[in-house]
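This is the structure I want to talk about, given as structure tokens.
Letters A, B, C and D mark the chains in the order given here, with residues in each chain numbered from 1 onward.
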Amino acid sequence: MNIGIIGYGYWGPNLVRNFSLVNNCKVKMVSDFRQDRLVIVSKTYPGIKVSTDPDDILLSKEIDAVVIATPVFTHFSLAKKALENGKHVLLEKPMTSSIKEAEELMNLAKQKGLLLMVDHTFLYTGAVMKMKQLINEKTIGKIQYFDSSRINLGLFQIDVNVLWDLAPHDISILLHLINKKPYSVNATGISHTKNGIENVAYLTINYSENFIAHFSCSWTSPVKLRTMLIGGDKKMLVFNDLEPSEKIRIYDTGYNYKTDEEKNRLMVDYRTGDVYIPKLESKEALFGMASDFINSITNKTEPLSNAQLGLDVIQILEASQQSIKNNGKEIIL
Amino acid sequence: MNIGIIGYGYWGPNLVRNFSLVNNCKVKMVSDFRQDRLVIVSKTYPGIKVSTDPDDILLSKEIDAVVIATPVFTHFSLAKKALENGKHVLLEKPMTSSIKEAEELMNLAKQKGLLLMVDHTFLYTGAVMKMKQLINEKTIGKIQYFDSSRINLGLFQIDVNVLWDLAPHDISILLHLINKKPYSVNATGISHTKNGIENVAYLTINYSENFIAHFSCSWTSPVKLRTMLIGGDKKMLVFNDLEPSEKIRIYDTGYNYKTDEEKNRLMVDYRTGDVYIPKLESKEALFGMASDFINSITNKTEPLSNAQLGLDVIQILEASQQSIKNNGKEIIL
Amino acid sequence: MNIGIIGYGYWGPNLVRNFSLVNNCKVKMVSDFRQDRLVIVSKTYPGIKVSTDPDDILLSKEIDAVVIATPVFTHFSLAKKALENGKHVLLEKPMTSSIKEAEELMNLAKQKGLLLMVDHTFLYTGAVMKMKQLINEKTIGKIQYFDSSRINLGLFQIDVNVLWDLAPHDISILLHLINKKPYSVNATGISHTKNGIENVAYLTINYSENFIAHFSCSWTSPVKLRTMLIGGDKKMLVFNDLEPSEKIRIYDTGYNYKTDEEKNRLMVDYRTGDVYIPKLESKEALFGMASDFINSITNKTEPLSNAQLGLDVIQILEASQQSIKNNGKEIIL
Amino acid sequence: MNIGIIGYGYWGPNLVRNFSLVNNCKVKMVSDFRQDRLVIVSKTYPGIKVSTDPDDILLSKEIDAVVIATPVFTHFSLAKKALENGKHVLLEKPMTSSIKEAEELMNLAKQKGLLLMVDHTFLYTGAVMKMKQLINEKTIGKIQYFDSSRINLGLFQIDVNVLWDLAPHDISILLHLINKKPYSVNATGISHTKNGIENVAYLTINYSENFIAHFSCSWTSPVKLRTMLIGGDKKMLVFNDLEPSEKIRIYDTGYNYKTDEEKNRLMVDYRTGDVYIPKLESKEALFGMASDFINSITNKTEPLSNAQLGLDVIQILEASQQSIKNNGKEIIL
């Protein structure tokens, strides 16, 4: 399987390094419009061809699959051309700038019999795999809330707001872990720059079932947080991605309540117990994602981080943007 | 000045202890409908009279001022009776269950020439005093956002939701620190109990100026957070109330941006610098509040934590509840 | 059982409060040479008699047992007089200023049929009880090392050095947990004051078995540490007493080694696994100690924190002082 | 300047990468007796010659300077041969296995007019440079103690004990920062393996001036600590190398004492104030060290981390080993 990678920015070197390690897979070409980035590719990997023109990858007979790691607004046209030229496509997150674009790509891929996949890398981390296992095994119980904070002093993006930039990680984890259908969103935010792109934003995802999810995102925080709380009626869980190894903590903590019918009063019993910090799989997540892409092409199977998940994430992002622009109004999904 | 205290629950012992230490002030009576609570008062303070009937305080000729530390739904009627009987009143936060009640009490106090005050204790902490000073001295610069998290496994209240219970602390700090007029609120939340009272809730306060405030509150978190972020265009500040002494951290962190007119692109310069942790005044805040109450009565001055602040907090809480009940709709204040 | 307490300094109020709560026990008298301390006793506990003369307790017919919470250099003479007057004695740690004094008191108590006990409060904490249980149940395996740090900006004592002041806590825990006989000590230290009393000191306790214990103590650290590491060949344990609730962490961490005979090389297999934070008993330790004192008198049983333990601690402290004065020379116990 | 690097283990790749970036310097050859390590070199750096025989570097006419990153027991013979063949030498820490070896190499280098340097990388970190500046500027005041902990679950070395493995970092920092002459050492330790090599050890360095330094080292701790406390009579400083950016904290903390002549009592005034966390230089330390090596050769100047420092460290290590073997006896330096 010969791979071409378009875009050699922050994430590009990680993609090249990991795809180089996957069995039955060779990184043949890298393209970036910045000549200085390509010089670095050539120095580090003398065997890889480089080009400033993505068409050298998109139209090449040698290339079987294309990885697109460019700014979001270019995803659609590059992916479309790749699919039209018979290449499997892996898109960095977020998948596209709109639902419409995502759906058109999915239809095209289906029609051509090609794999279209989105790189939601977090699904392949030891932490998320452990959380999925704990939820599947009913350790956590019935899930009641999901609360995520992803804030730091971060790079202002020029084409998308802070939710489109940071929330896809957490939304993809939510959708992967919690098998419920989101009903609506409310979002608020603020831009401190003249371009009107929000650098602080808050998102609530509402469900018709008794469950709520909330996301805080900021590019302008002096402290860095990468924290997720998941509350179940049996146990509660905290995922702190900044911890070097103790990322997941499971709290044997909760409460039971009953209504005192006579007095119309709530009776609550609290429970705090042991805390348990499981050892996590430490394999690099990106390698797992890259392997899933190659294996799914080879075996014609559906990858974990598939296009439908990418689309579901886009749907929430698009609705959240609409909510922000309408003063936090509820947007039905 | 003779004081009567109504309600000897969680906060009551702190009130008795601190008012006992204030000059020109004597705690004469304590009332609570629970006999076992009064036994504790008598054991610890043999000199204080106790009663299960609040009228023994409200109608007593001996009592000059009444402190009301009972559930919120009882605040209005108790405070009204106290004012009608010529007594100064200190109400625990939140002031009342509604704007209407708060306004009626304020009018009554004005008419009677009595002091009506609300105990927003945080205003008297070393941390908030330091933050106020830093903002006044323009150290932080133009304030851009305010973000508060107050979550833990907490006591479910039976008459008010988690915002009414926990957010008054943070809203009173916001209003005290930031001299801007809130424009509207959006709030979302969820109840995991049958009584429909939200135990997790999120609140955004919008301003017509370029500023936003957000609050996360929960009674059902396995971890306890008491954190506030305040971002200015010169420096940023974190207040972590769980730190035993290093509660305030000032980050010499920020960014400058300009718009590249030709390329229609945002140019951002990031800056991270030293961190500074100021020593804080360590006097007990509640003593400061109690002294302010007594001094304001004696000197006929306005206390820091005055009734207007109490009302402003109630206004935001009432609007937030309305927003939650209307699916997060923006409520203009 | 009527109790008299001599010394109402830092620890005195805690002693009065806890002994007041123990069944079959009444705090009758408190003595302190500082009149202002006695005023506080009378205000808080109008029922307790006070005196500046300890003899009013030591010679009183009413008093059955005496608690001595004065500076170390006064322990011996006060305790001796109490025993001679037929009173059971509880001494604060460290028991006495020397082995000789401790032994004389023990003999006297034995002869008189009275209880002599030392308040090593830590033995009654939930944390130490949990550690004892984990070690007894062989969860930790064969214990290999014990390492304690107890440092902060602390009160300089005028009669004893930092080891005599701080290490008794940790040495009593060591002796309680680890059922091995110490063989010798080495200690080093420094005094930054003219009185020559060490304010920073380090102590190693050597064992003939393959086990070592080390203690760091300081009154002049800008940061506060209360940390203990206990390494076993099955698991390792960290006790951090500054954590509000998560004081004990058990690491499923270790290594196996074998000697590669041919190559004369060490082969080591490392293992890192889950971490487990047990819920601890949260009852106040001092109440447990006070109850043990009263019950041991009543039932003529041996308390957990008995005089022999107090003596063993003194023996190590005396040897450590000798080692410091002899440039760290090994002192056989 | 053409460089040959002998030893491509844990540290080798960092050396190759950093020397490759230094001006006027080219990494020509890498040698390691393990063929699989050389394969990695060739893959990553196709331009570098490789060999399993160090003589191919030591005897090469092309090579101007040799970097030796092999186990300690091989340092002396490799460095000697390099110097005899007219090559400048950089040795990884610890410099050699004994004072005798270190002195012989220093004499040989002097005689040949070649640079002999030891890689104490920490001297080039932003943290140590900042501490050096703070001490030089008299911010900290007169230094009173130095306390270092370097513990974790670490690789058991086969030829040296835990002090020789871990303490050189901290001893080199001590000697670099504190301009005082050590007088003697005491050390204790324990081996839990059959080869008798200590895996836990404690070292005190005594000074004739009123200053003490202490080091805790362990390969068998479940938690990782990299902490250094430096106490001055004006301020105190904590260096926590595990903090990603806030490595240095300066505490405006201290005490003043005077002796109350009449009462022969110590009067102590405590002071706790602000904490200050300076921004640190973030350039890679190893690059600074590599540049210093190349520049010192070119300009015939003395590097910061010179052979004398390497020897001073060895002297302390040798004495500490002697102390451990003599039951903690003081060894005069």
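In the analysis below, a contact is a pair of C-beta atoms (placed from the backbone, for glycine too) under 8 Å apart; a residue touches a chain by one contact, two chains touch by 3 or more.
Everything quoted here is computed from the prediction, not taken from an experiment.
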{"item": "Given chain C and chain D, the chains that contact each of them", "value": "none"}
{"item": "Chain whose average C-alpha position is farthest from chain A's own", "value": "C"}
{"item": "Between chain D and chain A, distance of the C-alpha-averaged centres to the nearest whole Å", "value": "43"}
{"item": "Whole-Å gap between the CA centroids of chain B and chain D", "value": "53"}
{"item": "Of all residues in chain A, the ones touching two or more other chains", "value": "272"}
{"item": "Category of the chain touch graph - line, ring, star, complete, other", "value": "ring"}
{"item": "Touch relationships between chains, expressed as pairs", "value": "A-B, A-C, B-D, C-D"}
{"item": "Chain D residues within the chain C interface of the complex", "value": "144-145, 147, 149, 151, 153, 155-156, 158, 184, 186, 188-190, 192-195, 197, 200, 202, 204, 206, 210-212, 214, 216, 218, 220-223, 229, 231, 236-238, 249, 251, 253, 255, 257, 259, 265-266, 268, 270, 272, 327-330"}
{"item": "Touching residues on chain A, where the partner in the complex is chain C", "value": "245-246, 252, 272-279"}
